[in-house]
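In the two complexes that follow, chain A is the common piece, with chain B as its partner first and chain C second.
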Partner chain A sequence: MNEKRTEPNAESGNPAAGAAVPRFSAACGTCGSTCGPQPPTATHGGDGNRQPVANQTSAGPFAAFRDWRLDRAAYARQWKQRTGGKVIGYFCTYAPEELMYAAGILPVRILGSHEVQNVTEPHIFGMFCPFCRDCLAQGLLGRYEYLDGIMIAQSCLHIRQTFTSWQKHVPIDYSYYLPMPHHVQSRHAAPFLAKELAIFQASLEDWLGRKIAAPALENAIDIYNRNRQLLWRVYETRQAADPPLSGEEALEMVLAAQMVDKQDHNAALESLLARLPERRLPRPTGARLMILGSKDDDIEFIHMVEACGATFVIDDHCTGTRYFWNNTDPDGDPLDRLARRYVQRVPCPTKDWPARTRVPHAVALAKKYGAQGAIVMQQKFCDPHEADVPALTKALNDAGLKTLFLEFDVTVPIGQFKVRVEAFLEMLREDDLF
Partner chain B sequence: MGETVRHQTAPLKCWPKAKELRLKYYEDYARAHERGGLRWAGGAWSFSAIPAGLGRDVYSLTSEPYGASIAFDKALSLRCMEATERAGFARDLCAYMRNYWGSVLLNEYAFGGPFPKPDFLWQDHICCSHAKWYQVVSDLEGGLPHFCIDVAVGPYQDVAPHKIDYLVNQMHDGIEWLERTTGRKYDDELLIEAVQNEFRTTSTWAEVCSLNKHVPAPLEEKTMYSLYVLGTLNKHDRAVADFYAELRDEVRERVAQGIAAIPNERCRLMSDTQPPWGFLNIFRYMEEYGAISVGSLYTFGLIGIWEDQPDGSWGPRTTPMQQGIVIKSRDEALRRYADWTLSKPEWQHFYSPHLKTAMMLRIAREWKLDGVLLHYNRGCEGLSVGIAENRLGLIEAGVPVMAFEGNMGDEREFDEARVKARFDAFMETLGVKKNGRA
Partner chain C sequence: MSAAQEFWRWKEYRWHDPAVDWRSAEIISAGVDIGSVSSQAVILADGRLYAFSSQRTGFDSPESANQAMKWAMEDTGLTLKDLHYTVGTGYGRVNVPFADKAITEIACHARGANFMHGPSVRTILDMGGQDCKAIRCDEKGKVEAFLMNDKCAAGTGRGMEVFADLLAVPIEEVGELSLSVEEEPPPVSSTCVVFAKSEASALLRAGWPKNKVLAAYCSAMAHRVVTLLERIGVQKEFAITGGIAKNRGVVRRLEQELKLTALSSSYDSQIAGALGGALFAHTLETKRRKSGAVPATESA
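Let's look at the complex of A and B:
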């Protein structure tokens, strides 16, 4: 009875072939009992306070990604100086970055800092998700002062409030609300979005005082497609029995992709891919895990889980595969193609209806990447994901994956979560024993 | 705030009819199959006139008022909430939704008997939960046909042909889907009739609310809840449109005769978002101060369709029929329906709290308010979205605000004594004493 759409699945996306399985110990940061000395401190928010985070990626082929994430503000300032372009902060990965990039704009995803803060209470009611409040805090605290504008592609009500409060309370030159359709399973969504993209393009042109040339848009689409293809190729290596990168490193890599010029990121990915065949993690792979949820940029949590004797081999969240899984078609009108790309990408649950297409996609990913268990992480108060959790958990369990449900806030109780994660991993190992 | 003057009061003559219509609605739905009719379930915000084209024996169960009805019965509500939580759902989800799911899980209909399973689901998606709500209902019922229309094309001030097209195209698909799903032939004449009824219902409700600008107010909000609910149940139904015309005439008469909702009106307030349905007695508590809530953007703008009047005030939107427009085709009916509904005030705030603040300030000015009660409603993210910015905007404009936290449908999240204490303090800041004493 439901309308048909192109269903995203684990086989879809960039057509890169699986990479060869690497076997080499590359230099890496160390931490705790499994990795060695305490790493340097890390900055979570743009110019924010420093918070110590144990991290494997302080050196080696992933160091660049980590540095970009930690020093995103410096990167953006240097980029502006180098290119003369503007920087737009965007909320939600439905933002059509290609269009901004074609206009000579660096799109930067606005993320939180995972620090306790006391500035958003007057602006966002505490029943809304910690992520949206954390992001707004960054704006109110002046940590994104290098932005020339902000934009949002319509997604959930939570992050929308970050945008509207930012509009009013953080000095900014430009802001734009793109009514990204929700009914992505409807055949009418892409044509509608294409028209909205044209309006957005006109708005950008009006702001910048120049037209976005057609070749520039084609070039941007190519660069972004290339980035997705390279990320996909790195991800493919995680299917190996002993993946050459940790979940933490993969997260650093994708987070950086949301912050820096894709050409820089592509060059780093090319370099990484050249080194991966010779690389291996300096520890056993341990339990192969998947992580699912809304967004997860909590490096500290990922690190803690992997330090307990596990490796995240795949994910389904918008700071991971949902960000880059689908490419833009090569032929046709560029705005139509972009619209189709964003409508047909792996959906956020708020757009995944009437059919639940993300659930079979997630199960297929888990199987393809050989996950033994899955951590279902839930941003507190995130309604669309909360509505999917029972169905998602059941599907994963039915597919033979054990699951651990954890509810996240701005900060996570690492100690308590560690006890639960250790118990979960012990449970997975029991399967090996018996 | 004025002097304490004793106003004449009188019960609404049409009150029994409102109750009768509401009860009939829930009975009709439950007994539809006995009469060979169809049952559908969906939101009060959905395009309910469209399934009306399937025949005159098609009955709906709208989810939000049903969830509110459960909330009013605290014991049932608690059992519903706990059933939903046992099924693995978070307790911070929409409280109406949890009540509704619990009713399905327990197989208990709030109006007696087992839960009447719908034949299909007809919904629209405006907040994060609306489409997901019925996705889960479908799961719980073992799979039900589900069609949902996306209406999130941006605020009405930016309406454009391609936005209307997006809605109308989905509506056309929806009608084809209804025919396939039910095996019935669709009747465009019934659609046109239902759409026109809805224009009438929603415009007339705005007219009723406009009459509350009068001092003393002829209606108070607790009573209005029992009247506006008919629009959330069956806004496309001729009986509801006719009832609202009768109500409007009676309220006009009350204004003409100076009949007030409460005898001691001296402090005019408005609320915001749904009230805590299990604790409507707080409105009676307010009256001890001579304080009256004359409505809210929620009460006015969820069902009412408004527009600027020639004198610059806010009033009922002129219906196509009042403009002499004759709707002749399915497509024209759907286009006018889409445009009409997109102008719903309560939809605008989803895009920006600043739009909502502007509407609230307008109400505060035109309805001559002394303050605003903001219900930080943990039960509804859709109507609580941006509420903290509304508070700042109102305060910035000089409107006294009292915020209180609660939940429209989950009594576990409402502290009655605390809210009353806050109200006492609010009245003190406004210089209002109990029993209307200065």
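Let's look at the complex of A and C:
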């Protein structure tokens, strides 16, 4: 199932709302500023995490993933104590995690908290996406104090501004900007990236005061490949008529993968896979949905949709398949192989040109997983994703899927989205009402 | 402030058809639409419109539902027990205590408009109290696609209420008055209700008469929903539902922009959602009886 794809990915989040007071979504989508309270939206816990959603279904075999996500700071601190290693926060899934892992570093993804905040206004342009400001807020609010370093692999300008602003305003020991090529469809992209990886490696070695041994890098590549294979195997089970896991649980699983040591995650996945065959969701599957977008870590939204009588069976976003869909080749020079892996992965729209390779990939996934409908989301002001929406929508419609487009902000208005989602599900349910 | 000064306050009303004997009907179905601003209850006797009410929504949705239904049943002898199947819809659809099922107002408006305007209607614009929906449907009134305003509540009934109050013009007269201008002014530029109100205040201070300010606002509102409609694709058989459908100042300008005439109907545009709910209720009760299932009201 590791499809042959030549693509890059994207993810940076997007724009959003201005400052405001907790419990209200502050952004006026039209004027992009705070123009008055909107209905209360879900609020989430701090510390870069969110509180458990009521009636959350991810008990049992998925509890470990959720616990990691909810207390990622504690996990990272314990990991440092246990291993004596350093932790680097990265901003985009183009970050070559294997290289850092081989250096004894735990790479963790910096994500937002989905809380209204008022600390980023002076630092991020008003028309930049909500995700980039949500991420920066976490740094400014001191929720990633356990990080020893930060790094970014170039994806989009919005998230890069988060990185540079973090560099400037949050005290940090180490930071690195990796010029990940944009034109990944060029034959020069992989060789270029391989050279950049070598420079990044030298920078890490300089910072740590020791070399990254060749066997350590091979080991890291193996562990990361293993993780992707295990994630694929869990995803495969979602093709069943009644998938043994919900979309919310799948999301918890992938999010945790971006936060914890892959060896711990692999052990949890092995244990999960042993338990999945006899597992059933405690509710009907309902409508089979796909979700597509930049990053969709809004657990509360996913939970709301599934509670309306649906199950997400597949996705195309960078807190899902785009993160782990492509493996690294086993043979050859390790940096060349890693470079090829990141250049050829399922692309982010920022890198998916001149050919739009992500569209046929997404349609193939939808068909393979038997999705009936697709929720196409984007972060507000995310131009690369927005530019893909018409092509994506048309291709999915042509393939027989109905689509619902939603624009996300730091917080989502659950009530307003719910009526759209319910109406969408009513459309999918054929003629129940007629 | 006394009630007389509340220019935004639209008239609440009820109606029932004295010519119909509901006791001889096989199926009594009902729809209750709890909107953000107004609530309607509609009762059908064997699929035929029998009674309805329309009133303001209070802060307590279940209570608003109870009151709307109670008022619709007034003088008819009907009680809640006589309703075979009830559908709740609208913003408060899950808060209708006596409903058998909740269905979105999007599906209900399409179904209601199909009943009001006939099976040819393909595009529906529901202009409600705090949101606005463009709906495309098939000949049965089944939704094929829809879009809702997702940025702010400009271009909705609540915005019009704000202007009625600002200009001290009873809400029912806003549309006509806005059409009395000799020359159409440019629309107000702000899309935000609050900023549009500030802009209107400035226009008044600059000496604009009320009708001209209202024309500028109605025009902005029409312009705004046209963009929503164009995104979903407007077909010729086009109808408007919801409270704003009663505002000729908005409807006329909308028709001019679209170069189309909205279908007219003898039914009250504001009950479309509740009517659609009652029609679904009728279908669901019919299906239930065919399947021999336990009455929904007893299993609930």
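FYI, the second predicted complex is superposed on the first by the 376 of 434 C-alpha atoms of A that agree within 3 Å, B and C clash if a C-alpha of one lies under 4 Å from a C-alpha of the other, contacts with A are read in each partner's own complex, and residues count from 1 in each chain.
Everything that follows uses one rule, which is that contacts are C-beta pairs under 8 Å (C-beta built on N, C-alpha and C of every residue); 3 or more make two chains touch, one makes a residue touch a chain.
This one's a predicted model, so the numbers in the text were calculated from it and none came from an experiment.
Residue contacts after overlaying the shared chain place A:Q416 against chain C, while chain B stays out of touching range.
Looking at the superposed arrangement, the partner reaching more residues of chain A, out of chain B and chain C, is B.
Of the two partner chains placed by superposition, only chain B is touched by A:F128; chain C is not. In the superposed pair of complexes, A:P354 makes contact with chain B only, with no contact to chain C. When the two structures are aligned on the shared chain, A:M427 is found in touch with chain C, with no touch to chain B.
No residue of chain A lies in contact with both chain B in one complex and chain C in the other. Of all residues in chain B, those touching chain A in their complex are 87-90, 92-94, 120, 125, 127-129, 131-136, 138-139, 145-150, 152-154, 162-163, 165-166, 169-170, 173, 177, 180-181, 350-354, 376, 378, 381-382, 384-389, 391-392. Taken in their complex, chain A has these residues touching chain B: 1-3, 121-125, 127-128, 154, 156-158, 160-161, 164-165, 167-168, 177, 179, 181-183, 186-189, 191-192, 195-196, 349-350, 353-354, 356, 378, 380-381, 383-384, 386-391, 393. Listed in rising order, the residues of chain C touching chain A in the complex are 91, 103-107, 111, 131, 140-146, 148, 150-152, 154, 191-192, 194-195, 280, 283-284.
Of all residues in chain A, those touching chain C in their complex are 28-31, 35-36, 406-407, 415-416, 419-420, 422-423, 426-427, 431, 433-434.
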